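Here it is: the structure, laid out below.
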């Protein structure tokens, strides 16, 4: 695959500073790039490599005077990187349209056109797989589950019975969609399991990370909205709903029945209690412990989570606590002395 | 399946307010329920749906005057829900009693009556599976492992060699029981692996969530007590013991050799260091960092975890820290002024 | 297997206090050990069992006067335990050198001498497996992946395409190595996936815990250095590099492009933001939230992570906050009174 810089500038809607005819044959990181590679500077930390990189061209966010290599200046380097990588790597694997002879596909399952099913995958009764979808080796699709078109289901994923995935959904290895919700009723000293007869609905264009667990609802559905992206090892409890285009970073935990709005960002390892609402566009900081609802657009952090601005001030003040204790002790002494003196004068 | 309200009231030991002959054909959430469904109000947040639900009857915790629908008033709505769902959905899947022709079952493994083994499951030498147990497709049962009666082992579970599960144990997808404990001896700059020759014993009626990891003991056994319920993505280190009827919520981590008592609750994302004891009936709050033993019945939270009451006061006070710093500064100024004046008067 | 105490003392470079001819036939924990077993005291908590254990000999860190059993006194009991366990249990399973007839091994894959491949394992085109390596049942090895010599790959591991593992690597069940990095470019309201064309390189002697997820790099490689040990359910983001001989405890999360040095310890549930550096020999406390780079040798803890010494002082002071608030209030009152009196006197 060969593309010249002029074509890349056009594709990325960037401004080329340099020779449009330079041929690009690959994409590489700024430290590893060599002749023929295009690279990018996405984080200021890497700017110092500008003069040492072996790349033939560099995607940057703003013009750099006297750059030693051709530049393509774009508004968003990461978006340009995505566009260029799609040219060289494709945006997803090509389905082969082959059902491996070792796959166990129920006769009552329905497969769309050009579906690929890998070795030792198991597709149970009544399941349906949309066209062009790739079911990797060693995937389990339960009874009556429905997977849309153009999905990529990576190896060792479990899609439990009755679960619905939309189109262009990507599920990474070891994700479990539709495990039983964690619901028990107290019965004397013991815990009686509440059968979880609901399901999970994952809408179009959702990505589900490796090792993610999304529990099925007790009744009704746990729902992940269109375009939402979920990183690895996230736990989503039963009856949770997540709106469209949200971002859930690794190791976040969302307890049962909580409602997450649209375009919400939940940073890594944040935890949310059950039965609360996080409004559209809200941002929850890394490791935050969210114990009550968050208003739309609000940014919260810390434990228990509060307005990020207030929490930052509090955490900054905390560092002065040992000093503050000393100052208060000193104040008490000084005031005591003044009081005695004053008492003495009055006496 | 049809049951009338009178029968449901009897089953749940509830008080029926309404017509006992109303036929119920299903169970649904209050927002989704339609004609023939029974629903429930388990959380006050849903009380407002009482007047809009399409359900034919509602399970509630206390009588509601002028309710538009028949009510069944019970002491514990979640327990009643469990009872009703068991009628309509069963409490666990029915075993088919069929060993799939593609399952690899060692000739030296022993299978009880009516055991089901799914496609591509692998059961190694000397393993034993109790009667009525369901081994789902793509499950791995190691050499000499023992699984009791009436268990449900979901797809892609790994039960490593020598591990013992009791009766009526449920293991959700992608759980790993019996992985090697994380034990190394320092040897110069490097880490020498300590062979982990112990095992894991999971007693009767334990539920193990999706993606849970329970490590085998270095020597002896990691043990999960009868009736304990473990949510998704929990990590249980080597030689940990958990007592009976405890609840371990998602993403909790328990370090090696720690002892958890009976009827303990560990809330989501809590972390416990190794070699401590958590007494019977103790409660550890969400995200708490437990660094020392917890007395029986104690409720702890925060980082490092302390008495929940004290910790709540501390976290509440923390919000006043920026203000407190200002007040102390002002006190210092005022006291300084008073001291100078006083000094001036004396001088 | 029988070894006498004299031989064990020699093997562990310990000092034997007792009869060298005592025969040892096994290793057990101090509470479970019986006749013929050797046990050890690795944690002071277990010293009280010295007089009740049924063991025939005990490995200890220092001489105990009047011990009722023969002692082997060693500098590091855990190291001695590792050495003794290797004698009785071996340091890793013996490869059988058999490729199961149900394994799907691509014709273009290359297998070294004495490789074992378990039932229903899938090895894709161009993959290579080094000699004596054990591929357990139900393992997936992607296209072009390379696994070194003497590795143990436990059941249901996913090694994605192009990933490289060195020699003597152990990968526990359900680990995923090479899942796509979590990289998206904002495009209007939606998130455009950045193809992740990099890889993962795991060097020699690394252990990867159960359920661990290690994402492949966007470009270049995510790299785990020689001898590093990773506990269960750890998340390692794309383009992270970890140096040699580091220890990463369970449920740690490391965000993209962060660099961890050599001999670093990251304690359980710690979280690290992206694009920072943790210097050689640094230690990050359990549950710490690391938001900026950590200097070599530094010990940090808390949220946001700071010097452990400073953080401990702060957390200790925090417990006095409710009292401090009262003291400041009292100071304000007393000072106010003094000021009025003083004003009165002047007036």
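To keep things simple, chains are lettered A, B and C as they appear, and every chain counts its residues starting from 1.
The working rule: a residue touches a chain if its C-beta (ideal position, glycine included) is under 8 Å from a C-beta of that chain, and two chains touch if they have at least 3 such contacts.
Chains and their UniProt names: A, B, C = UDP-3-O-acylglucosamine N-acyltransferase.
Predicted model, so just to flag it, every value in this text is computed and none were measured.
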Rotation in the CA alignment of subunit A with subunit B, degrees, nearest 5: 120
Numbering shared by both copies at the subunit C-subunit A contact, with half separating same from different: different
Chain centre separation in whole Å, for subunit C relative to subunit A (CA means): 25
For subunit B, residues contacting two or more additional chains: 120, 138, 156, 174, 211, 233, 251, 269, 287, 303, 318, 321, 324, 328, 331, 335, 338, 342
Residue numbers on subunit C that touch subunit A, as the complex places them: 104, 120, 122, 138, 140, 142, 156, 158, 160, 174, 176, 179-180, 182-187, 189-195, 197-198, 211, 213, 215, 217-220, 233, 235, 237, 239, 251, 253, 255, 257, 269, 271, 273, 275, 287, 289, 291, 303-304, 306, 310, 313-314, 317-318, 320-321, 324, 327-328, 331, 334-335, 338, 341-342
Sites on subunit C touched by subunit B in the complex: 27-29, 31-32, 39, 43, 45, 76, 78-82, 85-86, 88-91, 102, 118-120, 136-138, 154-156, 170, 172-174, 205, 207, 209-211, 227, 229, 231-233, 245, 247, 249-251, 263, 268-269, 286-287, 302-303, 315, 318-319, 321-322, 324-325, 328, 331-332, 335, 338-339, 342
